[in-house]
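For reference, chains read A, B, C, D and E in written order, and residue numbers begin at 1 within each chain.
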Amino acid sequence: ACGGQGGQAPQQQGGAPAAQQPAGEQKPAQEGAQRSGAEVDRSKLSKELNLFIWTEYMPDEVLQEFEKEYGVKVNYDTYSSNEEALAKLQAGGALYDVVVPSDYMVQIMISQGLLEELDKSNIPNLKNAGKEYLDPPYDPGNRYSVPYMWGTVGIVYNKKYVKPEPTSWGDLWKPEYKGRVVLLDDSREVMGMALQLLGYSKNETDRAKLEEAKKKLIELLPNVKAFDSDSPKTLILSEEVWIGQTWNGEAALAMQENPDIGYVLPKEKGGRWQDNLVIPKGAPHKYTAEVFINYLYRPEVAAKIASAFPYGSPNVEAVKLLDAKIRQNAASYPPADKLAQAEWITDVGEATELYDQFFTEVKSSK
Amino acid sequence: MSAVRAVRRRRWGHGRSGEWLLRVHAGLVYLFLYAPIAVLVVFSFNRSRLGVNLTGFTLQWYAALAKNDRILEAAWNSLVVAVVATLASTALGTLTAFAFARHRFAGKTFLEGLIYVPIILPEIIMGISLLVLFSSIGLRLGLLTVAIAHITFSMSFVFVVVQARLHDFDRNLERAAMDLGADEWQTFWKVTFPLVFPGILAGALLAFTLSVDDVIVTFFTTGPGATTLPLQVYSMVKFGVSPEINALSTVMLAVTMSLIVLAERLQRRKISGGL
Amino acid sequence: MILRLLRRSPALRTLAAVGPAALWLGVFQLVPLVLVVVVSLASRGAHGGIEWEWGLHNYARFLEPLYLGVLGESLLTGTLVTLISLVVGYPFAYYVAGRPPETRNLLLVLVVIPFWTNMLLRTYGWMVILRSNGVLNTALQALGLTDRPLELLYTRGASILGLVYVLLPFMVLPLYASIEKFDRSLLRAAYDLGARPARAFLQVTLPMTLPGVVAGSILVFVPSTGLFYVSDLMGGAKTVLIGNLIQRQFTQARNWPFGAAAAVVLMAVSLALILLYLRLFGRREGESLL
Amino acid sequence: MGERLGVSDVKVRLEGVRKEYGPVQAVRGVDLEVRRGEFLTLLGPSGCGKTTTLMMIAGFERPTAGRIFIDGEDVTDLAPFERNVNTVFQNYALFPHMRVFDNVAFGLRVRRLPEKEIRERVHRALALVQLDGYAARWPRMLSGGQQQRVALARAIVLEPQVLLLDEPLGALDLKLRKEMQIELKRLQKHLGITFIYVTHDQEEALTMSDRIVVMHDGRIEQIGPPHEIYERPHTRFVAGFIGETNLLEAEVAPAGGLHLLGVRVPVPTESLAPGSRVEVSLRPERIRPANGESPYAVEVRVTDRIYVGASIRLLARGPGERLLVISGPAGSSLSDALPGQAIRVTWDPADCVVVTS
Amino acid sequence: MGERLGVSDVKVRLEGVRKEYGPVQAVRGVDLEVRRGEFLTLLGPSGCGKTTTLMMIAGFERPTAGRIFIDGEDVTDLAPFERNVNTVFQNYALFPHMRVFDNVAFGLRVRRLPEKEIRERVHRALALVQLDGYAARWPRMLSGGQQQRVALARAIVLEPQVLLLDEPLGALDLKLRKEMQIELKRLQKHLGITFIYVTHDQEEALTMSDRIVVMHDGRIEQIGPPHEIYERPHTRFVAGFIGETNLLEAEVAPAGGLHLLGVRVPVPTESLAPGSRVEVSLRPERIRPANGESPYAVEVRVTDRIYVGASIRLLARGPGERLLVISGPAGSSLSDALPGQAIRVTWDPADCVVVTS
């Protein structure tokens, strides 16, 4: 029932072709797939599985239970940004079986030929996914990816120090927050924030506008205490910072520990994203990876993930199992109107480097 | 006798030109060196998860640590890599130190330059250069590549330490052995090796320490399933507060200290014994 | 048998002794370094990756004010860290070198022990101390010295402190070695000739221990520019040092050629320093920098 | 030993000076007066406290007890740089990073003399030690003896009234050492400076000193001019330490004189109780072949004959297998004695010196 | 020098042995025969090639040219462990990681003797050097002299026929050195081993050797028994190096004899051309006060009088301001000469030794 809340298929911005197929045409291949995974051909399972995932994104418990059930040992490494994941895959050598890139990064990886096509017959539990999360523009027909979690990028703040409630990215620039702001350590998100504040798109490729955003950020720098994509909640909870830019799930976690913490999407739209499970080219254990993905799609497993890291779950069956407290947390499952206007990141091609360069420049200014 | 002079006299007589100041300064340096360690140890026994108030004694973080497979596995990886790297680099470094002390050959200076690279260039350069190598020959990143990297930098340090020992080694001892009728083989095993051994051991110890502690080179050369303890710690530290890290530090400190005490004991026995 | 063969042929003996190291160093030390230089001359593909379009453009890019700024900032930070380590380390090493031998060894071991516990953990220890609600702020507030937490962590000062902390032993040990070698009777001679302590220090002790000062400075300066994780953790990822820059190019920006160029620049700076040192102080046979 | 001097004659005075390093008693109470312009040598075995005594005079060590006076002024608490005393250190302690000129100029520069005067005085000092052409050299480019002379120049250029020298010749080889002894002695006379000189080489002490202070185990055993120390040692230690000697047991004869090696030697023994046992020092070179005129003689059997160029040493067994060392110039009749042969020897009563232990 | 010995008398023979290290000519051609049971000393200044020569005999260095024979067998190409020669190294080279016992047993163990025999022989060797109670000590717990004796025991336990000793006493202090000299010499006689002994101490060489080989700059200057070396030096170098001497210029008188210090000395000069200038060595102790009977005498003015205990040294200026050193026993009439005084001295013609340069 809550699934509908999140609403809309990701929209492609910046001139990419519109979605070709209506969502939902895709039918789960196996109608009666068993929750127990009884059809899994255990003889084809490998001993190990290498998972490469964002930090703070996968409860240990979930992995342990998978290990117990299938006798497959899961190694996992973490990354803090999509760019880092891409770099690792491009470097080759590091043979991961499952990676969790976001929307635009999936598109890049596909275009770079870095991904394997998924054999969906091995992922019957995909039927639990809400239609609105499937068949995204960045991977029409979900040939290479299936959704893992979705969420937003907004403003986290501490009500004790931040009054009135912030409404705009611009609030981060207020002089009273000198040294009290945390930002994601992510070139696209941080540059995107400034672009939005200036009234541009997060996916701007025009050099002049990017320059402008850079200048804006340089003004912000005195307020910035730290760049942190991994665990910005730590800084918030320790009251090291009062306000900042974060992923919604991080904010939700902070709110569980301290009721003074709040999260809003700014009036400049904020960000919307969806992270996906993919199998990189040359993965040594593809079959096991698909079994693993299928396992993650079990409602009770997905619910466990969505409770531990309260981002939006694309698994509608799982959402039903969630605590009301989590389901009703507006940080995790924001009102549809707010969500609708939040802006997606898309691949900006050559401009990627400008984003990185300007971000470096911002950090090195002083 | 002016007052100034009298004061200066007193100072010279007792203070010995700021000896006292030096002592205080040294005390502060030790405080600086040990404060963070002390903090970690104290908080590893503190019940509270957050904050710095001492809320009571507990061993729960040690229990949690003992159950944390990720840490244990990383520790195991580190140990495996360190043992392999120590053995291999000690053998290579020692052999090379002997070669340098005993042989003349073309390209000696160049080779020596290469050996010094890891000591004089920032680690990050070695890290990325090995990454470039491994990725261009398509070698799968993992414990093997980490071990190769560690062997490469450790052998340089082993080389330096053993070379210093060999430099102090009195070659007349070898001559004496041969003079007494021992052939090269007997001379090496009965005289040279036992005498250079402490240097080799010191080199091995250094290699082990460097390997177990390495972050940067490992960062670039590691792959799936090959997370070492420092990298594991790196990712944990990034999430901030975790008393398990405190517990881990305390355990590591205890292990280090006992190793040092042990080494000291051995050394002492050696001294009263032989060397 | 082999032994006999080896005894007969000195050339074979040399080969057996030097071969393994030469091979290993060739493959894992020399080739990678050459590769880095090669890559630094190539170009970045649209989405990362390397395209074999040769040129010096990566070095040209490094000449942009931004990257020169990063280099400058790194050199500045390195210099600061080195100076602080020197000022802290010198009197310390002097004190230690003046103790009787048994005490001296104990004091030195005490310097090295922290060095043997994980560097990251120790850095983390400082984070616990310096946080807003950390040990230091709590103590200061409890003592009523301040009513609001001071901003200590995630500052430039914090990352310099972290670097000094990690690198101090590298300063102390060579300093100790050269101060210990310093013949204190020279100091006595200076006093004897009428010099007061300050003058004796500046004209005798300092010049005589200069090799230690320089060796220590290099051992601190060189790594300080590459230790990216200290400024990430203690400085809140705000300062970009050349180490961070290189790391970012390889792990985020996917511009290996540019990262390689930055690495080559860093390598050049480090080598220049070492060569300067060797020029100034030569190197006695069998003695190493350490 | 203890004769009191007029104050103005005393340059340096030590009163009850002691030095302890923790449990180690390095100097156990030294009283000493050094005369103006005197060449005084502290002589004694390694570890007897010579350097420590010198360092207290120079101001590098503070006495645990006692006072030190220079020209009558109590300097016990003054810093080294406040005393008009200079030191030539055992290892020279030349500044290796300064050229010879700058080494010698160091003390003058500290005193902020005009550069012109410095240049003159340095060159004068270097000329004095015959090193005028060496001003631009680095210390390591000098031989041991030259370094020693630079150290000397560096000290005397300041025209100190007292110069302390701690085994300045210890590192030199025999030949150079002999040359430098002569040089130093001449310089001291020429400049009229008070020298306090430390050595553990007896021959050196005998050769150079006006007076010798023999130290043993932190205490003064005997003070006196060289010939007195050599010929009239007060103690067994002094007799054995200065030159080679035969230490023999003797008994005071009832009729006076000593029973020694089986003969009665008419030595004055007023102060000794008849029948008491004493120890006597008899120098090897004082034992000579006996002839018909000798009032007493002892027969000894030669066991070894050692050729030492200018002289001959015989090892011989006397009565009761007592081992004796006898020496004489190479040309004397001793040279003919062969191992195994028995010869008769004698000595003057005056050469028997009764020592205490 | 060159008298040829019967083959069986020659233990070690060097024929035209040379050694070059790159451009350095360490040994420039040495011919030498060492007799069975002889105590032969290589004497010479630092760097003259003594150690190099020894190391070639021991087998650690290979001659650049020439051959080495032991007992008539050419051993030039044998490894050290294949020669029945043992060495006592300059710094002893005791194995620091083995106790005294194991040090001494090393060579026997290498030869795989039964442990029982080893024990016996080690104890016998230690007893010989008077260290029987020290078997369980570590080398660093021994004094220098004791270490030296262990090194000796380690070598002699193998009953070598030739023992090489490289400045074995170099590190000892004077007193111990003297004692050890006597000890070593006695041991050598007792065991009948051929000793080849290296030293740069002339007195030591004179005291101990059967024959002395004086080396200079990689070459042999003179070989002969001690008294010959001292009293009949062939060259200026030998005269100056062995003991103190006065090297004086002289002219061969037309009527025979030498013009020396203004007087004619009736020295046999058959082989010298009248009028030619030669150099003469005259030992200080051979110069003595002249009396009425002296056929010739020279007046000298005493400038310094140096007391050295057993003897007196005078520095004096002779005709033409020539500086002379004169010495004599302490009791002689020379002792009364005071600085400034003029005395007349003389010497025997036989004491004037003509030397080449």
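Definition applied: contacts are C-beta pairs under 8 Å (C-beta built on N, C-alpha and C of every residue); 3 or more make two chains touch, one makes a residue touch a chain.
A quick note: this is a predicted structure, and the numbers were derived from the prediction, not measured.
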item	value
Any chain in contact with chain A as well as chain E	B
Maximum inter-chain contact count - chain pair	B-C
Distance from the mean Cα position of chain E to that of chain B, given in whole angstrom	53
Centroid distance [mean C-alpha coordinates] between chain D and chain A, Å	91
Centre-of-Cα separation between chain C and chain A, whole angstrom	38
Residues of chain D engaged with two or more neighbouring chains	79
Shared-contact residues (touching 2 or more other chains) in chain C	133, 250
Contacts with 2+ other chains: residues of chain A	91, 228, 238
Chain E residues touching chain D - in the complex, by the definition given at the top	174, 182, 201-203, 206-207, 226-227, 230, 242-244, 283-286, 304, 306-311, 315, 327-331
Chain B residues touching chain E - in the complex, by the definition given at the top	170, 172-173, 175-183, 186, 190-191, 194-195, 273-275
Contact set on chain A toward chain B in their complex	48, 50-52, 55-56, 60, 64, 75-78, 80, 91-96, 228, 230-231, 234-235, 237-238
Chain B contact footprint on chain C (complex, rising order)	3, 7, 13-14, 17-18, 20-22, 24-26, 28-33, 35-36, 39, 88-89, 91-92, 94-96, 98, 107, 109-111, 113-129, 133-135, 138, 165, 168, 197, 218, 222-223, 225-229, 233, 243, 246-247, 250, 256, 259-260, 263, 266-267, 270-271, 274, 286-290
List of chain B residues in touch with chain A within their complex	50, 69-70, 131, 134-135, 138-141, 145, 223-227, 235, 238-241
